[in-house]
Structures are given as structure tokens and as C-alpha cells.
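After this come two complexes, each holding chain A, first together with chain B and then together with chain C.
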Partner chain A sequence: MLKNYFKIAIAVLRRRKFFTFISLFGISFTLTILLVLTAFIDKVVGDSYPDRKRDRSLYVSRIQLSMKDGRSSGPASFYLFDHYGRSLKTPVKVGISSGFNGTNTYVNNKKIAVNYKYTNGDYWDIMEYDFTEGKAFTKQQIDNADKVAVISEDMKREYFGDVPSVVGKYIEADNVKYRVTGVVKSVPITSYMVYSDIYLPYTVAKTDFRKDKSYQGGFFGVFLANSSADVPKMHAEYEDMINRLPMPRKEVIKIYSHADPYIRSYVDAGDEQHSGITIAITAISIFALLVMLLPTLNLVNINITRIMERSSEIGVRKAFGASSGTLVYQFIVENIILTLLGGLIGVILSVVALQVLNGANLIPNLVLTLNFTVLGIGLLICFFFGLLSGVYPAWRMSKLNVVTALKAQ
Partner chain B sequence: MISLQNIEKVYRTNTVETLALNSISLDIAKGEFLSIMGPSGCGKSTLLNIMGLLDQPSKGAIKIADQKTDHLSDKQLANFRNQKLGFIFQSYHLINDLQVLDNVELPLLYRSGSAKERRKLATEALEKVGLANRIKHFPNQLSGGQKQRVAIARAIVGRPEIILADEPTGNLDSAMGNEIMDILMQLNQKDGTTIVMVTHDENMAHKTHRLVRLFDGSQVQ
Partner chain C sequence: MFKHLFKLIWNKKKQNFLLMSEMLFSFLVLFAVFTLLVYYYNNYKKPMGFEYKNVWVVNYNNAYKATNTDSLTQFYETLRQNLKALPDVKEISFCSDNVPFSQNTWQGSVNYKGNPVGGVNQYTVEDSYKNTMTAELLEGRWFNKGDVAAKNRPIIISSDLKEKLFGNERAVGKLVGDGDQPGHDKNAMKIIGVIQGVKAKGDYAPAGYAVYHRTDTGSFHSLGKIMVQVTPGATAAFEARLYKTLANYMKDSNVEIEHLTSKRKDINYFTLVPMIVLLIVGGFLVINVALGLFGVLWYNINKRRGEIGLRRAVGATGNSVSSQLITESMILATLSLILGTFFAIQFPLLNVFDLPASIYIVAIFCSIGFIYVLVFLCSLYPGKQAAAIYPAVALHEE
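The block that comes next holds the complex of A and B.
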């Protein structure tokens, strides 16, 4: 019976090529968008290089000061992490790094855009960058405010050209020359907490971050626990610390900041009452639903037209013994065949789209790949599409009176 | 074999009520070949559809093969049609997307049985109507007479006790019509299949055992 359904499904697809094209295009294009998007999200939040200790780390990306007439939200200050964060008992390390800043530098009259960020010593103990040569600057060098730098592989190539080693050579940024101590494998800009072209000791900055005692600044914090079992305790300890912070000004009535797991820290909205993760998941769900709803409605519409065109066949099948239930089953199977075909095209399109995106190098070092989880989800989505868009037309058609169906030829 | 008692069929719209069949009572014996004649719109096809359980009467009772049919569910009706009845339509109603063999197999899809068995029965049915050499063809590659023979093969493949034919020769020239009629008569005589045929053709009708005439929804002969 399934073979018969398959034959008729393929025949119907070949019969009205334009309708088939619209149906398949709707499914495959939507799926491609979803697959590329999920591959992107998967890469952004799932790629653990160089941050390989996520299971025992908590991240602080923001701090929010709530006032009677508004709020101020942004990254936290070096002082908050250095003074308060490092006083916590559970964390064994507190990595502190600034967000990246941009400047220009010149090599042989060629302008090079450079992003640099400042870090403390713990940062290099927590993060596991792959060094292609040299090593990170030491805590001693930080304390001495030595003008040293770790650079990315991309920066090395761009600034020094194709040379075997650059450790010990100088790189200029913001009119200051830094001695290169190590070269690391590049990180895509989407991993914004760890990305940079040049990493510098925080002590070499023109501003002394230690003296700015406000809570807000331009820094991220990574708190490392001894084991993953200590992470909840570390989270609670940080919350407690924030709750005990003295108010910086009398207008400030509440301070929000959380040490969260990596993904959650990406969408941290400060106030947990209005959790960022809830907002993000809701927004993504609504978006995915809308993206899926449009081709589904389109499919429902096309399916109704297509099925009604086949009323003679429906009449004949009913006359010769097909019950309404059997017909619903047949049309759903046909629809699933259609959507799986669309899904297959979608997967092929996604692979092509990812290759094109990777080839275009829109985001340097971000290599998108189609993983099997995403593929599985894609196929499940197709199956769901097939059911959703097939059930209503199939049910409507199955209720068709046999005589009316036969007359409609 | 078929017993109709006081069958009435009324079509209602918001403003008009049309009486399509008026108190028809008819008994058709097993192995009988009966034809129904009458002018267009007199209710012939409606009566045939009611006999074939494709439509429901507004009043009256139908018994087929000693079984009352008025309380059967959609599934039971479908099963009953599949087991007991075969249909032949004036415009063939073949599925153009399927090959001849797949078309003929169609009633067997709704029964248990292997694909191999279905193929065997469908090939036999096509042999019976002289179209065994056309199994791979699609309906639109056949002539009208050949299409109707495929439709007959589809009607008989499940070996039903009753065949209901709605103007089976209506779209064919007289030579083709005679061929189809010969096949139907053979089925009736050799296999003992009960056949009820709606026709406009007096010659065809006179070849059957009994003729029933309708006029304005009532039986006049």
C-alpha cells in the first residue's frame, strides 16, 4: 500500500510542477534558514575554544544599577572583579578581561585595523588558548607593566607576513610598541568574551583601571570553581556579594549582576525577575514559529487545492473501499513524502549555503558546520511540517461525499 | 440479492426541495442482470448510487446480500463496498497517474493480501477483459473502450457479487459499446455476478434479464 502511495505522491508532484516548486521551495528555503541559523547559534554558543572549562565556570557580562527614574546597564568594572570578585572564597581563579577596542596601526604604509583587549593573569590560567608559538605573558610581567602582547595567528600573518616566528618581535598598536610573547589560534568575533587580535596586560593601559571604583566599566569576569559541584555555591556567593555591595550613589536603589553559565550570560538582562534567557527563548520560539507558520499555511492552502483537484480519485477510492481514515492516512503519507523531499533539498541547500558563507569569510574564523543534532532537528521539523500541513486538508477531503467527489471530475 | 423498500431521496436547499426518488421498491435476485432506463434527471444514477451505498436515501431501507445497511459506520460501509460491490462509471474514473495494473489493483489495497497476490489477481482480471498486454500503460495512452475495459477489470478484481454500472457504454461508439456489453454479459453468465446497469440505450437494455423504467423519480415499469 505504501508503495502505491509513494507512486501516486511522486506522480502528483510531477503533475503540477509549479505547485510542486512552490511547495518544495517553501519547505526547503525555510529549513535552510533554520539550519543555517541553528548552525550559527550552535557555533556561537557551542564552540568552546578556548574556553574549555565551562562546566566549572561562571561568567559575568553585565551589571545593572536600578534607580527610581531608570536604570543603567553595561559591562562591569575591573574594580568590581578585582576588589570584590577576588575576595570570594569558592572561585579558585577570577579571569578579568576587557571588551575589545579597535585602533589602527601601519606596516609599510599599509593601514591595519587592530582589536585589542586587556587581561589579568588568571585569564590565561582559565582560558586554554592553543599557542602556535611562545606563551602567555606572566603575572610578573603584568605587575611590572611590561609592554608585552599575545597576538592571534591572523594578526601575525597580517602584521608580520609569512614568517616562521615572531616571538620577541614588536608590534605597534595605539602608538605603543609591544613585544610579542606568544601567538594563539584565532578566535571568531562571535566569541566576544575571548576574541581579540592583540591581548595586553591590563597594567599597560593608559587608564589605571584599579583606580576607577565605579561598578560599571568595560570588563567581563570569568569565575573558575575547583569542580563543577562548586558552581552553584559560587553562583550564590556572587549573588550574596552583589546584594551586600554598598550603593554607589543615593539614587541607586538596587544592583543586579549575576554569575551565570556561559549561554545564560550571553543573554543576561540584569534583573533575574525579567530573565534574559526567558526573553531570549521566547523571542527565538516566536521567531521560529512565525518562520515555520508561513510555509505551513502556504502548504495547507496548496494542499487543499491539490487535493480538491483529485476529488475524482477520492470518489473512486471511497467507492472501492477506502474509509475516511484510510484516505487521511494516505494524504498525510503523501504530504510527509513531499516535506521529506523538501527537507532533503533543504539539507543540501544548507550545506551549500554554509560552504558559501564559510568561503565568503564574512566573520573571520567562524567556520559553520552542519552537525547531526541540527540535521536531526531539521528532519523532525520536516516531519512536523508534513503532519501539520497535511492533516487539515486530508481531514476536509475525507469528509467529501462520494457522489459529489465523482461528479467533480 | 438487493432489496430496496420504499426508497425516497429528497434534495433540500434553503429554498427548494426536490424529490429525486419517490417510494422505490425493488428486489433484484442473485445472478440477475437488470437495467434501469429513463430520461435524464429521472433519478437513475441516484438510485444506483443508493444501491451502491455511495449515497444515503432520505427514507426507506436497503438490504444487500441479506444484510441491512442503514446503521453501518463509514468504515463498515467502506469495507462492505470493498467486499460485495464493484463499480463501473460512464467516464471510467481511472487514476491517470497510475499505470493500468495499479489502477486495477486499487480495490485490493483495502484488503489484506500480499503485493504479489494483488498483482496476480489484477493481471488475471486484465486477462479476462483482454488487456493483459497493457498493464504498464497509463490511462491516457488507451482508447475509450480500453479504458472502460480497465474499469471493468478494476470492478471485478475483488470478485464482488454485485456490479453496478452507470452508463458503461455511454461514452463509446456502438462497436465498442457492444464489446463492453459482451464482457458484462459474460461476467453475468459465467461467473453469476449480479449486475445492475443504468443505460440510455434500448438495445443494450433489452439484452439484460429485466428492465426497470423510471420517470420523475418514480418507477413506471
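The block that comes next holds the complex of A and C.
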């Protein structure tokens, strides 16, 4: 039976090539847009390089001090993580790293912009950067305030050029020479909590972070639990610690800071009242809805037109005893075949679009790929499309009166 | 004639309803796209307000840890002498962190005669700032050494803020308060000049309200940037030398030199990329809708061959038949546009997003025009086809 429907669907598609083109165009382009969007989101928030232990980590990207007449919000201080954060029981490791900052270096009269980031020792135990050579600096080196650095592959290429090994060589940044201990695979700037060109021990910074006892600073924290079962406990413990913090000034009436899973802290909008995740999801759904709504309406329109064209066929089938249900079923199957065909073209178009986007290198190191999750979402969207644009026309068709349908031609 | 057309449309209301809702949604999408485009274009055609070429920004932090203001000032004055002695440096000015094209903002409010204005950018600058940035003075004068002794703190405001506070009146000499609660100001500030607003967030962002404060003796505690105007031919080798001079002098500081030209490119990029994505998506939706409209109209005409044949037989010309069909689709478009405009007009009425009403109005007109042109083009060919129907052939089929 399905084979028969399939044959009919193909025959219908070939009859009115212009309408087929419109339908396929609408479906495939909509799908391409949605697939590229999901590939982007998947890469930006779903990519687990270098923090592969996300399932048992919590991130702190922000602290907010609320005053009576305003609020001050931003990354937290080194002191908060080092003094309070490390005193927590559940986390086995507390990775502390500064946000990346810019400086310059000049090689052979060429300017290189360098982003640097200070880290502690635990950071390298939690993060699993791929080292192309060498290794991270050790806790001993941090305590000695050795001038050592881990650099990214991009930095290596830019600063040293095409040389096989740079471990042990010196790199000058911010007018200081650092000895390179390792080279890691580059991270795109969108992973702002782990991105940098040069990673340095926090002890070599020109300012001593340990002396600054305020809660706000320029640091991100990653708390690692023993197992994913301990994560809720760690979250609660951190909340509890924040609630017990002494107020820094008498104007401050409340301190907010949360240890959250990666995605939550990634989209943290810096406002206690409006959760970043709600804003992000609302914006994405409105966009997706608009992108899908118009082509769907279009498809419904075209489908109705095509069905009415086939009124004689429907009339004959009804006259020979086909029930409305059978006809609706047939038509929906035909429509799903059409959308899946459009989906196939859409996937091919998406691969091309992603290639073009990667080639344009809009964001360095952000390589978009069409993975299976995205493909699955795409197929689901297609199926949904097929149903949505098929149900109403099919219902209209089944209501057709046999006599009028037969007489129409 | 129109009454007749309405009747024809009403007879096929089910099919027309879908067409209309499609036009309505396209209108709303176009309205959103056009609002953004008009907004950006409006900002783009306004002057930049300063010369960003050949200006570099030096970022530094806590370079000198003295709490003593005198020695701090001495420290930075020596740095100023050192920098100005360099061959390619034309002018330098220390200023607060919110330099043009950076992500830093520092906003406050001002009030004039009990009328508060919020979201005013606060800049702290030196006497040399005007020459470093080539700012354009519209009224009054820039800061000078004589301002130290002024009774009321002297300020310079941007053209947009002047317009908001005083309209067409002269602003120079007026006193404004420095908070949003009139009567609670610590001290009134005196306007000594008005400058052309500086588009600090890039070409596509509005200049916005701004107040410039003059640096005072304690200002070096909080400043973090130096604007450096260099000669047009300054090379990377010179930049390296400037960098060494700075880094060797401010040993405890992280130093970074950025060029305003590249900062401008970066900040524009953040506006342009979403706009291009939106244009691609919008363009695709429009093509989609156009093809759909075209297909449906074409099919409808094929189905109405009998009716058209009859009209031709009783004496209608080909032109009148095609214009009837085009007018029919235009009426359909008008009906959905009326509904769409009703929704769109709520934006300026309710003042959503705080944009000037004129932007919405222009966007509404643009989208209406666009939809009409689209519908017209889509019904042109089917209309022409209908005009070519021979009455004898069409009537023979029945």
C-alpha cells in the first residue's frame, strides 16, 4: 500500500513541476536555516572541548551585589574562589581563571595582539586541553611564580612561524618573557570562559590578586565534584556559602552568585530578575517560529491548490468506496514523502552552507559541523512540517462531495 | 466595480483567508526588517563626530601605587612629557575607560529645571582631548586651565543632550543638576560648550546623550586609557617603540595598544553580522512567499477560465480582464495590510524599544510599498495569461 502511495506521490510531483519546485524550495531552505542555527548553538554551548567533565562540574561566571538603589554585577574575585570556594567540602577541585585580557607583542616589526589569561593549578586538572606538545605548568611552578606559559596553536603559528617544536623557547608578551611549557589546540572565542592565546600562572601577574579582598574581580570559577550525583549537593553548598558571606559595605543588601551547569552560566545575562536562559530560549523560539510559519502557510496554500486539481481522482476513489480516513492518510503520507525529499535537499544545502561559513572563518576556530543530533532535529522538523502542512488540505479534500468532484471536469 | 470584486473575494473566502494570512505575516516580518534597516541607516548617515584615523588607545592599569595625589600626578605628567617627546606623537590625552568603540559604558543622569534625563554617558577628559580626537565644537568653548577655579563645575554636553534639554535655545551658560532627583544635587554644573555627538558605539549606533567632565587633581586614580594621536605615517616599528616606552615606564601595569580604526571595524561587525543574517533570512522568506502567491494566483486563473471567457464574450477587453485580476489581488493585499498596520502602529504608540516614531512610520510605509510591489508583480503574469484567453476556446470546454 505504502509503495503505491509512494508511486502516486512521485507521479504527482512530476506533473506540475513549478509547484513541486516551490514546495521543495520552501522546505529545503527553511530546513537549511534551522539546521545552520542548531549547528551554531550546538557548537557554541554544546562543544565540550576542553571541559570534558561538564556532567560533574559547576561554573560561576558572575556575582551580583544588590544595593537599595541599584546593582553591580560582574565576574567574581580570585579571593572569593580561593578563600571561600576552596573551603567547600564537596568540590574536589576548584579551577580559577581570569577572563581573557588583551596586550601586544612585537615580532620583527609586526604587531601581534595577544589575549592572556591567568589560571591556578586545579584549572589544568579539570580542563582537558589537547596538548600538541609539552604539558601544562605544574603547581610547583605556580608557587614559585615561574615565568612560564601555555600557548595556543594559533599563537604558536603567529609568533614562532612554522617550526616543529617551541617548548622551552621564550615568548614575549606584555614586555615580559615567558618560557613555553606546552601548546594546546585553540579554543574559539565564543567559549569565553576557557578561551585565550596565552595561559599564565596567576602568581606572575603584575597585580597580586590574593591581596584584593573584595568579592568582585575578573575571575571565573569551575567546581568539580567527585561524581555527577554530588553536583546538586555542591550547588546547594555554594548557595549556602554565598548566603553566609559578610556584607562588604553597608549599602549592599544582598549578594547573588550561583554555581550552575555550563549552559546556564554561559547565558547568564547579569540580571537576577531575568534569567538568561529564558531570554535565549524565547528569542530562539520566536525566530524559529517565524522562519517556519511563513513557509508552512505557503505549503498549505500550494497543497490545497494541488488537491483541488486532483478532485476527479478523489471523486473516483470515493465513488469506489474509499473512506475519508483512507484518503486523508494517503494524502498525509504523500505530503510527508514530499517534505522528506525537501529535507534531503535541505541537508545537502546545509552541508554546503556550513562549508561556506567555515571557509569564511567568521569566528576563528569555530568549526561548524552537521552532527547526528542536528540531523535528527532536522528530520523531526521535516516530519512536523509534513504533518502540519498536510492535515488541513487533507481534511478539506476528504470533505469533497463525490458528485461535484466528478462533475468538475 | 469594487463592490463586485469584494463579492468575488467573499465567495472564495476560505482560500483567500490563507493567502491573506500569508501576506499579513510577510508584512510583519518585513516591518521588523525594515525597522532595523531604517534605524541603522538613520544612525549611519549622521556624522561620526570625531576623527578616528591615526588615533591609538593605550590601556593600562594601576601603574603607580601611590595614594599621594601629588606624586601620582607627577608620575603621569612625566609620562606625558616622555610620550610627547616621541617623534610621531602629535597629541595625547588621558581619559576615562569608556573610550569610543569599546564595550565600556558609564551612564548617569542630569536634570534641568526638574526635568530628569537618564542614560547620559559620562566621560572624563583632559583639555587636550578635543585636539586629540578632532571633536567638533558647535557652541561655546572647550575646557581650559581657567576652569580649575570655576565656582560651578564646568561641563560640555553632546548635541543630542542639548536638543533634549534645551531644544533650539542656547545651552552655554545654563546650569544643570547632576542627578535624576531635582533639588538633591550636590552642586550644579555649568555648561560651557556643546560638541557634535560622538558615535561611540560604531557607525550604526546612535550618538546618544553625553556629558564631558574635566579631569581634576584626583582623576589619575581612576583613569585607565590614553588616547594618542599619531602622524599619518606612523609605522609598526614606531608602535613597538611607543609600547616599550610605556611598558618600561609603567613596570607594574599591563599595557595594550589598540587602533581606533580596528576597534571601529570590530564593533561594526557586531551590528553587521546579525543584520546580514536577518537580511538573508528575510530575503528567503520573501522569495518563498512570492513564489507561493504566484503559484496560487496562476492556478486560480486557470480554474476561472469559464468565467473569464464569458466576460470576454460579452465584450470585456483583455486589459480589463487582467486589470480586474490584478485589482482583486491588490484588494486582498490591502485587507491584510490594514490588519498588519494595526499591529505595527502599536509599536510607536506604546513606545516599545524606545525608538523615535518616525523610524516605525518609515518602516511601515516601506513594508506596505514592498508588499504592494510584490503582489503586483506576482499577479502581472497570471493576469496577462488571463487576457490571452479566447472566449470561444474557454466556453467550448464547458
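Going forward, the second predicted complex is superposed on the first by the 379 of 409 C-alpha atoms of A that agree within 3 Å, B and C clash if a C-alpha of one lies under 4 Å from a C-alpha of the other, contacts with A are read in each partner's own complex, and residues count from 1 in each chain.
What we mean here is this: a contact is a pair of C-beta atoms (placed from the backbone, for glycine too) under 8 Å apart; a residue touches a chain by one contact, two chains touch by 3 or more.
Worth saying up front: this structure is predicted, and the values here are computed from it rather than measured.
After alignment on the shared chain A, the placement of chain B and chain C results in a side-by-side fit free of clashes. By the touch criterion defined above, A:Pro295 lies against chain C but remains apart from chain B after alignment on the C-alpha atoms of chain A. In the superposition on chain A, contact of A:Val402 is made with chain B only, not with chain C. In the superposed model, A:Phe25 makes contact with chain C only, not with chain B. By the document's definition of touching, neither partner reaches A:Ala236: not chain B, not chain C.
Measuring from the middle, so to speak, at the Cα centre of chain A, the directions to chain B and chain C differ by 90 degrees in steps of 10.
Of the two partner chains, neither chain B nor chain C is touched by A:Val352.
Of the two partner chains, chain B is the only one touched by A:Asn4; chain C is not. In the overlay built on the shared chain, the residue A:Lys110 is in contact with chain C alone; chain B does not reach it.
Measured by the number of chain A residues touched, the leading partner among chain B and chain C is C.
Once the two complexes are laid over each other on the shared chain, residue contacts for A:Lys318 go to chain B alone; chain C is not touched. No C-alpha atom of chain B lies closer than 9 Å to any C-alpha atom of chain C in the overlay.
The touching residues of chain A, when paired with chain C in their complex, are 18-19, 21-22, 25-26, 29-30, 33, 101-104, 106, 109-111, 113, 174-175, 206-207, 290-291, 293-295, 297-298, 300-302, 304-305, 308-309, 362, 396. On the side of chain B, the complex with chain A involves touching residues 49, 52, 54-55, 74-75, 77-79, 81-83, 87, 89, 91, 93-95, 97-98, 102, 105-107, 109-111, 115, 154, 158. On the side of chain A, the complex with chain B involves touching residues 1, 3-4, 7-8, 11-12, 15, 312-313, 315-326, 401-403, 406, 409.
Across the complex, chain C meets chain A through its residues 14-15, 18-19, 21-22, 25-26, 29, 59, 61-62, 235-237, 239-240, 243-244, 247-248, 251-258, 273, 281, 284-285, 287-289, 291-292, 295-296, 299, 303.
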